[in-house]
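Presented sequentially are two complexes of chain A, the first with chain B as partner and the second with chain C.
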Partner chain A sequence: MKSLDPRVQRLPEELPPLQPKAPLDQFGSFEVFVQPKEGKPFQHEGIVHAPSLELAFVLAKEAFTRRFTCTSLYVTDTRNVMVSPTTEGNQNAYDLIPSVTEHQGGEPFEVYHLMKRGKQHLHAGTVEANSHEEAFSKAKAAFGSKQVFNVWVVRRSDIRFTRPEEQDLWLTLPEKKFRDASDYKGGDKLKEFLERQSSKS
Partner chain B sequence: MNEQALKEFLYKMADDTLIIGHRNSEWTGMGPILEEDIAFSSMAQDQIGQSLALFTLLHQLGEQEPDTVAFMRNANQFHNCILTELPNQEYDFSIVRHFLYTTSATLRWDMCTHSSYEPLAQLAKKVKGELRYHSLHARTWIQQLGSATEESISRLQRSLELAMPYALGIFEESPFEKELVAQHIFEGEKRLMEKWLSAIEEVLGKTQLVIPDLKLIQPVLGGRKGQHSEHLQPLLDEMSEVFRTEPGAEW
Partner chain C sequence: MYGGGNTFEGIKTDSLAQEDPQKLAAFEARIARGEKIEPTDWMPQLYRKQLIRMIEQHAHSEIIGALPEGTWITRAPGFKRKMALMAKVQDEVGHAQLLYSAAETLGKSREEMINDLISGRSKYSNVFNYPTFTWADCCFISWLVDAGAIVNQLANAKGSYGPYCRALDRICAEESFHLKYGHHCVIYLASGTPHQREMFQEALNRWWTPMMHFFGPSDKISAHTEILMRWKVKMGTNDEMRNQFLDMYVPKIWELGFTIPDPALKKDPATGKWAYTEPDWEEFKRVINGDGPCNKERLAVRRVAEERGRWVREALKSPKMNYVTPLA
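Let's look at the complex of A and B:
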């Protein structure tokens, strides 16, 4: 192999056989979806690390919903989120999804859209399908007329939802202003202090 | 209504939740993983918020301002059970203590929703959501770690045996037990303990942990009467340091 590109020179002639990777020494990740208000769609809020789906739900509740209003929350293992190709806005992500032969029925899959770069994925609707591939294909038929940057599909049975009796998790003591940095009025105190200092000198 | 009995009961609840809240807040920035650090700290804030609400009820009954009551008393004037003041030690002990305490607190608050003292019943309904989260959090960790690895199971078992005599001290009876029950302010520590036992048995039954034989355990009492371990006073000194240095301090 003769090339002037140093990156090519660094490649070994023959690649060593692949070794199985050591298991991760940290918890796996879970995707968190939050409904900020009754009637609003669920939105992707972020990620937590946890040893199980149930603990992911428990930890997500405080990590993402302790301050702002929230009516419901759910989580799923990151590995259960199937992701479509992403576009740069010049074309519809749905156009990059292959259509497959569709069958009747199946189980429910939740579909999410990324409507703008840098925003969160929003829940778009539900389709019934027999596999993730079929769910993408059916989502394309149902929602494909919209211009989207990216599509996610999650099997509903892979989701840990908020149970009806857990709705009161967000009914808490309302006097929580002390949790917000703004409540301590740090800027005002600093200004006062500096004014006191300058009037002394 | 017997006001002395009522006040004693409110002080006991307020002190329990203030002291456990302060202890749990000592994990802030040191939790085993970021997400758990946030969750544990957030619950500690809930608990301190609950103690403020209870001290406010006491203030309405003629006691001093909440800050004064929280920061200016000495250890022998506190009515918290000794379980809440024990040092955090490692996370296994903290999570077992959290489970044993929170299970009792959730049931106690739930019983308070039927209290004849209406302001307490109202408050109990308001904190229900917080308590539901605290017990979900505690239960889920115990079930996870109580059936995970040999190390996690043996650590939890050791902590359970260490904490149990103190946990029984939660239910130390008040001198006003009869009045509280007769006037429907609270159904009593005996009733609470029965409910607590069946609740912890239900959770621990799903794990490989074994509940120590309660007949062989001597409960550690005294906390409700102001007789505390050597660990409470240093906690109070630290908690009230700013307030005692400058009583008018604002932050």
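Let's look at the complex of A and C:
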């Protein structure tokens, strides 16, 4: 194959046989939550595929906070997120969540709300519970007066948080300006060029 | 980046016959109200199918689109241009990641999408099947192909499917750097030596037809897309998107003193519409069906990359992990 692409020059003479990807080739799914600014609630940003929670954290940092401001990030296995039904119009998702007999104490669960269809889920608060069902029920008591379209709960111990000593992940070098639109001011060069053109004619 | 020239599946008139008419009416009413559809909502099969197809083609275009520009990283003129181009190519691959995730929420796994790309079953934007002979070709892509992609992406970000719109909002934010960088590169060529000007003029001559193809076949010959527009899968016709691009960028190209290789190109001040010579749509069909100058090498590079990475993915695989459909 003749090509300008150095990668093509490095291709083997004969291409390997076409093997379909095995199932799970792209690993497990993890949900990513980002805090865009200090004091702002964490919001759901999307997903990554990774072979472990730890690597999911690393990949999420690259995929979701490479170019945007971020103060903290966390990830959890998609299977650990318990999801309520989604509603519309005036129906509150909390109205579809059954209340269960609640017990004292338990461990912390994080609660997320979909406040507007089309937007991201936002962190709403924390409840202490002994199971996901109980966490839903307690979240309903604590936050159920608000109209929301969907609720998620996640056991805190299932989340990989950013550790305090990892905060420097987002200290980017000032010389990375070349990735900002503001670093490309072609205006002067263009003006000078246009003036040269018009003086010629 | 991405062209509107995506191929949708032929819509048969009985496509909606099996759908529950009440659910369908509620679904359409929600879209008409301007509300987004979320992954767990009821949706007609046809909507799901066409969206998967479109988002998947968009993701593939980002991955394949990184190849013609990536070729130039080592040869970009100067350290600063190399760093910027590397950052841009990294962004494009990141866009693919975001888009694959959005498509996955509709139920097609990432493995299946990548299988369909490397086996040639799915399409990607036609424009990336052309070669980048010189640095000026690379600048053409960074400025004008990205500009075309932005026209499409800004429109699609107002579409009806929540996860796709959210991915596009992030993508559009990153594209502003690509566009500025690309324009900057072309201004430097335009105001440089006669040889530099000539290089860009030649690139423009080579890329004009693929650029016109980028927005897809003319409305006169493209399959009817009424239902896709009503469902806000498609946000404008191919000709509308092409016209928007011409309106925004032809004056900027002319401003730099370059000649666009189409003597018929001009704007009708009364209608605001651009007149142009229809590009060769037979060539478009030929290239999209696999017979373009670079189709084979683009897929070969992807396929070998998959093969060479296989051992890494296998070494990392854990029996405790499980692929599941992402939430949103």
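Everything that follows uses one rule, which is that the second predicted complex is superposed on the first by the 153 of 201 C-alpha atoms of A that agree within 3 Å, B and C clash if a C-alpha of one lies under 4 Å from a C-alpha of the other, contacts with A are read in each partner's own complex, and residues count from 1 in each chain.
One rule holds for everything that comes next: a contact is a pair of C-beta atoms (placed from the backbone, for glycine too) under 8 Å apart; a residue touches a chain by one contact, two chains touch by 3 or more.
Here the structure is a predicted model, which means the values were calculated and not measured.
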Which of chain B and chain C A:Leu96 touches, first, second, both or neither: neither
Partner chain in contact with A:Asp180 - chain B first, chain C second, else both or neither: second
Which superposed partner A:Leu171 touches (first chain B, second chain C, both, neither): first
Chain B versus chain C as contact partner of A:Met82, first or second or both or neither: neither
Comparing the two partners chain B and chain C, which touches a greater set of residues in chain A: C
Which of chain B and chain C A:Leu190 touches, first, second, both or neither: second
Touched partner set for A:Met115, first chain B, second chain C, both or neither: neither
Touching partner for A:Val58 - first (chain B), second (chain C), both, neither: first
Touched partner set for A:Phe27, first chain B, second chain C, both or neither: both
Residues of chain A at both interfaces, chain B in one complex, chain C in the other: 27, 48-52, 55, 62-63, 66, 178-179, 184
Of all residues in chain C, those that touch chain A in their complex: 30, 35-36, 38, 40-41, 67-68, 70-71, 74, 80, 83-84, 87, 90-91, 94, 97-98, 101, 104, 109-111, 114-115, 118-119, 131-133, 162, 165-167, 170, 173-174, 176-177, 179-181, 183-184, 187-188, 190-191, 255-257, 294, 296-297, 300-301, 303-304, 306-307, 313, 316-318, 321-328
In the complex with chain A, residue positions of chain B that touch it: 33-36, 38-39, 42-43, 45-46, 49-50, 52-53, 126-130, 132-133, 136-137, 140-141, 143-144, 148, 251
Chain A residues within the chain B interface of the complex: 27, 48-52, 54-55, 58-63, 66, 166, 168-173, 175-176, 178-179, 184
Touching residues on chain A, where the partner in the complex is chain C: 1, 3-8, 11-12, 15-16, 18-29, 31, 44, 46-52, 55, 62-63, 66-68, 78-79, 81, 83, 85-86, 88, 114, 117-118, 120-121, 150, 152, 178-181, 183-186, 189-190, 192-194, 196-197
